[in-house]
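Letters A, B, C, D, E, F, G and H mark the chains as written, and numbering starts fresh at 1 in each.
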Amino acid sequence: MTIFTEASAAGTPLVGIIMGSASDWDIMKNAVAVLEEFGIPHELNVVSAHRMPHDMVEYGTQAVDRGLRAIIAGAGGAAHLPGMMAALTPVPVFGVPVPSKYLRGEDSLLSIVQMPKGVPVATFAIGEAGAANAALHVVACMATTDSELLKKLIAYRCRQTEAARAMVVPPHVVM
Amino acid sequence: MTIFTEASAAGTPLVGIIMGSASDWDIMKNAVAVLEEFGIPHELNVVSAHRMPHDMVEYGTQAVDRGLRAIIAGAGGAAHLPGMMAALTPVPVFGVPVPSKYLRGEDSLLSIVQMPKGVPVATFAIGEAGAANAALHVVACMATTDSELLKKLIAYRCRQTEAARAMVVPPHVVM
Amino acid sequence: MTIFTEASAAGTPLVGIIMGSASDWDIMKNAVAVLEEFGIPHELNVVSAHRMPHDMVEYGTQAVDRGLRAIIAGAGGAAHLPGMMAALTPVPVFGVPVPSKYLRGEDSLLSIVQMPKGVPVATFAIGEAGAANAALHVVACMATTDSELLKKLIAYRCRQTEAARAMVVPPHVVM
Amino acid sequence: MTIFTEASAAGTPLVGIIMGSASDWDIMKNAVAVLEEFGIPHELNVVSAHRMPHDMVEYGTQAVDRGLRAIIAGAGGAAHLPGMMAALTPVPVFGVPVPSKYLRGEDSLLSIVQMPKGVPVATFAIGEAGAANAALHVVACMATTDSELLKKLIAYRCRQTEAARAMVVPPHVVM
Amino acid sequence: MTIFTEASAAGTPLVGIIMGSASDWDIMKNAVAVLEEFGIPHELNVVSAHRMPHDMVEYGTQAVDRGLRAIIAGAGGAAHLPGMMAALTPVPVFGVPVPSKYLRGEDSLLSIVQMPKGVPVATFAIGEAGAANAALHVVACMATTDSELLKKLIAYRCRQTEAARAMVVPPHVVM
Amino acid sequence: MTIFTEASAAGTPLVGIIMGSASDWDIMKNAVAVLEEFGIPHELNVVSAHRMPHDMVEYGTQAVDRGLRAIIAGAGGAAHLPGMMAALTPVPVFGVPVPSKYLRGEDSLLSIVQMPKGVPVATFAIGEAGAANAALHVVACMATTDSELLKKLIAYRCRQTEAARAMVVPPHVVM
Amino acid sequence: MTIFTEASAAGTPLVGIIMGSASDWDIMKNAVAVLEEFGIPHELNVVSAHRMPHDMVEYGTQAVDRGLRAIIAGAGGAAHLPGMMAALTPVPVFGVPVPSKYLRGEDSLLSIVQMPKGVPVATFAIGEAGAANAALHVVACMATTDSELLKKLIAYRCRQTEAARAMVVPPHVVM
Amino acid sequence: MTIFTEASAAGTPLVGIIMGSASDWDIMKNAVAVLEEFGIPHELNVVSAHRMPHDMVEYGTQAVDRGLRAIIAGAGGAAHLPGMMAALTPVPVFGVPVPSKYLRGEDSLLSIVQMPKGVPVATFAIGEAGAANAALHVVACMATTDSELLKKLIAYRCRQTEAARAMVVPPHVVM
């Protein structure tokens, strides 16, 4: 029995998914879907760096003791949540650039990825793909010490490969 | 006697200048020079959002009670200091995008200016001009309730106008 | 009784909101809403830098004597209004980049924020958030010398924090 | 005898070259060189939109009566001089984006070229090429009503073509 | 009676408006509208640099002899028409960056404005505003030697100023 | 009888069209249409660099022996398929940047075109035009050793020229 | 005794650092320095996606069995190595955008971070900071199941905080 | 004996390398070096689209009859040479974006790659790598009908692979 099975039984979240606003949900739900598919216990919270800075600090400072092993943080525009969370805890932070209204997430991406030396945020693609991939990367990290999870991940990727292989593009007439 | 004169006498800083790293000094000293020219009492601190988050929180939460009337914050890359300071205090924050090594401050600018509704950072140009202008804007804000300072500001700008008027471009021969 | 209360009674605007065209209204109304919420007397004008340059000069040169303590200026594209207003008056100018049709406000942002040393424009985010934040920053600057207004601002931000705290993202099943 | 010959004799400038700062000279001298080559009477002035706005207005409002037939305006960063000059006079304005320190003139270009409908600025390339070309375009416009100048322009371009034709790239061995 | 009146009577076009494709019409019609408003005789042609290069060369080489005094050229994407036309004739060329499907005209703008020293294209804003302004700039250039046209242009701009002055933004309650 | 006629008869594909996902079809079908118009035998496959890397390797390593003379590869976002295919085979690769959801294909373009020295990918425009042009370029390359195909290509381009010549823009009244 | 201590004793690398060219070393050595500081056994290889694709495949397919728990991959320009490695192994990949000659790493960043859903690459800042942070993030991931390593990481960050706190900016005279 | 051997004997160039200015040589010589290494007969010319448009037309219209099987065209800024050459001949054109002074070749890249449907330019990376790769792609296209050349290309790439394999990054101490 792996640690994840134990944790699942206990219901203790291993991954914290946080986002700057409820409006980020449409993007961030893609991370949730992945974690659910892999049975990773997780929790969901709106933690706004700018409107709830003290809550953010509290979240960050308690993360280790609460047993979180990864934090997936999504934010848009001047997206400070992932980087600040990374500053507040040694728990690894995985950042998701949420698309912004006018700059389509270019601002979000740069605000998240361009962290200074010493305080990393693992950054993923802008939008839905990035949210899903942040969760998949968390799974991959956890799978390095959990052989059952690794099997699940390998199976997941095999299915993904098969799905791609099954794609057909409209028939054409060879002349 | 205006509040500034009193404050100067007392030595209590009215403006806090903070920056994410000592390496930002070459840019931020342009803000200091302006405040000194106008005799605005100020203080200088390195406050790294990412490496000193708790100090940053403390700085922000004490700002009102310490009597700060403006905070000038400079940072580069994923520049979170100005925005986080704005989240921590109602004291107005003036952000300076410090040029970054590879993206020349485009990342700094977007990380500072694209704040979400509710938590403003007044943002200025990338680099030296932005640092000086942040300070000049602080002076202008203070001058709205300090007629002596307003006189100084008007005089400063008159000198500036005169300096521009005195500029000559190399003579040429009219044919 | 604070100066704002007095001014309100007198109906004298303390803040001038100007924009380059009536088409900027959908963005700039967000600044108006904030000022109204805080009870800051203000005035609204279309002042086009390019189509009404002489009116713009007049507006700028009279701003101090008319008692304006802040000017919020919105413009899009080659957005010259905020910078020119800053050149014409020592009253602090707060610039709002209005989104442009093809470049989404990137041109507006750079045209406003990249002011040369000596003539600052405090710049905010592109679009609605920027308009609201320009007004909030004006409030914050005014609040530094008005304890009643500061209380209002702190209360506003507390409500904002509570609203963020109250956000819930769709429930999920912890496994 | 063409108007240009007359004007040359009288020494009355037909083209006003203005720039926001003496530091723009290294770029703008390329415009001067072209006008001198074609014998177009011109004048040179530093007219800072931001530090000398009233002088700028005066320059613009007098341009027609002073007999200017073109204004070449160079500026960098939040480059407002060309657009404001275009707002102040029906004399056609030719804008030169001067390279900026951090954004290499991208801000200058957008600030100049993205003018709203109704107030055009003819914009040219960033830097030296743009300055020379602004002057060449002025020459071309003037040449449409001055057959002598047209001959000169055609000759100039023929020389240019010959110079390009004379270019040789390092010899290589055909195998 | 000015040359324009004469030309109008004769119906000889003074301005050639060309575009790379009929699909550019929605943008370029804004240039036509301006020329019609000012009564400038003009002609309209699709001249594709890439699909009709020899026609383009012919158009360019005949431009002077056909009496054209300005060419307004619109194109999108890798927009070569304005620059090539400028290479083919001393008649001044005014370029309009037509918005492109994916890059919104950023490619069009750079392809048109970044001409090398020696072959200028006067460039205007991306899209509708740019098309109208190219035509207005042509009018301004022509007006430098046509006092009647100058009067019309000044009147046009006065109407424009009045229209801007007449703009009202939604009423608000001054407190 | 040229090689193409022979190949057509035999039905052996000379061109492989591959794309990273079936969702790229709407863009890539423009390449197919061109090849069909020219009667170039081709094949269509979804080959995902990221989800089917081993299939991709197989495709690349067999390309020469299978007789492919060109590979047209379309992909979006972090678009690795064209470059990896170029790494796997000496068969020339023609890359099509498929527009991405948030960055409109700017990421696709840079991921495809910025290949290091030694492993080229011939890159075309973002989107539909790029797909069609990749195929046309393949045709042009093949036509260099196939006089019949060259005739077809010349005829195709003549028709294209005629179509452009036939374009009319809405009539206007010459004044 | 943790797994890391065991692994260190055995000398088996837990982290593979790969880069597209030896010229990437100046950037990637910053990742090495971090791993050495934390005593994480690692290996260094040049694995060029474009010049050594089959070696890359081999590296990827063996990564799990060889016991790698993380792969740090650096590449510049059309940077495909991190994404392809992620396609080849469930071992988590951490990507470092190496600055490119002309686009300063913007192409590298987009080529690495914009991965499609299903195949994540954890991406870090362009250049030296990104390389160091990729390694720090690997350490943080490993520390989630290694309490000794977590202690080291916390100590490392404390030293980092102290170093930032010790920074002083040049003294100034409070007036 | 292949066609290339014959051509070499005859000295007839199969590839035309053209560039907009002699100043492009430092970039374009990288294309020459590749062609020389493969023994492809070629010719070198400065053909400026903007300063020598009629020569450019002549070059393009004669390309087929002169036996050219590929044209490699380099240009910078508003880079029209590759696209115009593609418009003038069915001979396939391979474009090289030459870095520009202020925009580092971003303008060159967009001006070359964003060609409209119907007139393709195969585009390569900005600068030296792009020039070399354009030539390598030409070689690859020619090799599809020349088995000797294909052998040479495969050998070239093998050497390239070996060179990459031989790269070592500084030794490190496995702990």
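A few points about this structure:
Convention: a contact is a pair of C-beta atoms (placed from the backbone, for glycine too) under 8 Å apart; a residue touches a chain by one contact, two chains touch by 3 or more.
Predicted, not measured: the structure shown is a model, and the values here were computed from it.
At the interface between chain G and chain H, under half of the residue numbers involved are used by both copies, so each side presents largely different positions. Inter-chain spacing, taken between the CA centroids of chain E and chain H, is 36 Å. Averaged C-alpha coordinates put the centre of chain A at 51 Å from the centre of chain E. The set of chain E residues touching two or more other chains comprises 21, 51, 77-78, 103-104, 106, 113-116, 118-119, 121, 125-126, 129, 157, 160. Under the contact rule stated at the top, the pairs of chains that touch are A-B, A-C, A-F, A-G, B-C, B-D, B-G, C-D, C-E, D-E, D-H, E-F, E-H, F-G, F-H, G-H. Put simply, chain G touches chain F in their complex at residues 20-21, 49-51, 53-54, 57, 60, 76-78, 80, 83-84, 86-88, 100, 103, 106-107, 110-116, 118-119, 121.
Chain D meets chain E in the complex at residues 3, 30, 64, 69-70, 90-92, 94, 109, 113-126, 128-129, 132-134, 136-137, 140-141, 143-145, 150, 153-154, 157, 160. On the side of chain B, the complex with chain D involves touching residues 99, 104-106, 125-127, 129, 157, 160-161, 163-165, 167-170, 172-175.
Taken together, the chain A residues at the contact with chain C in this complex read 8, 11, 13, 19, 21-22, 25, 28-29, 32, 36, 39-46, 48, 51-52, 55, 77-78, 101-104.
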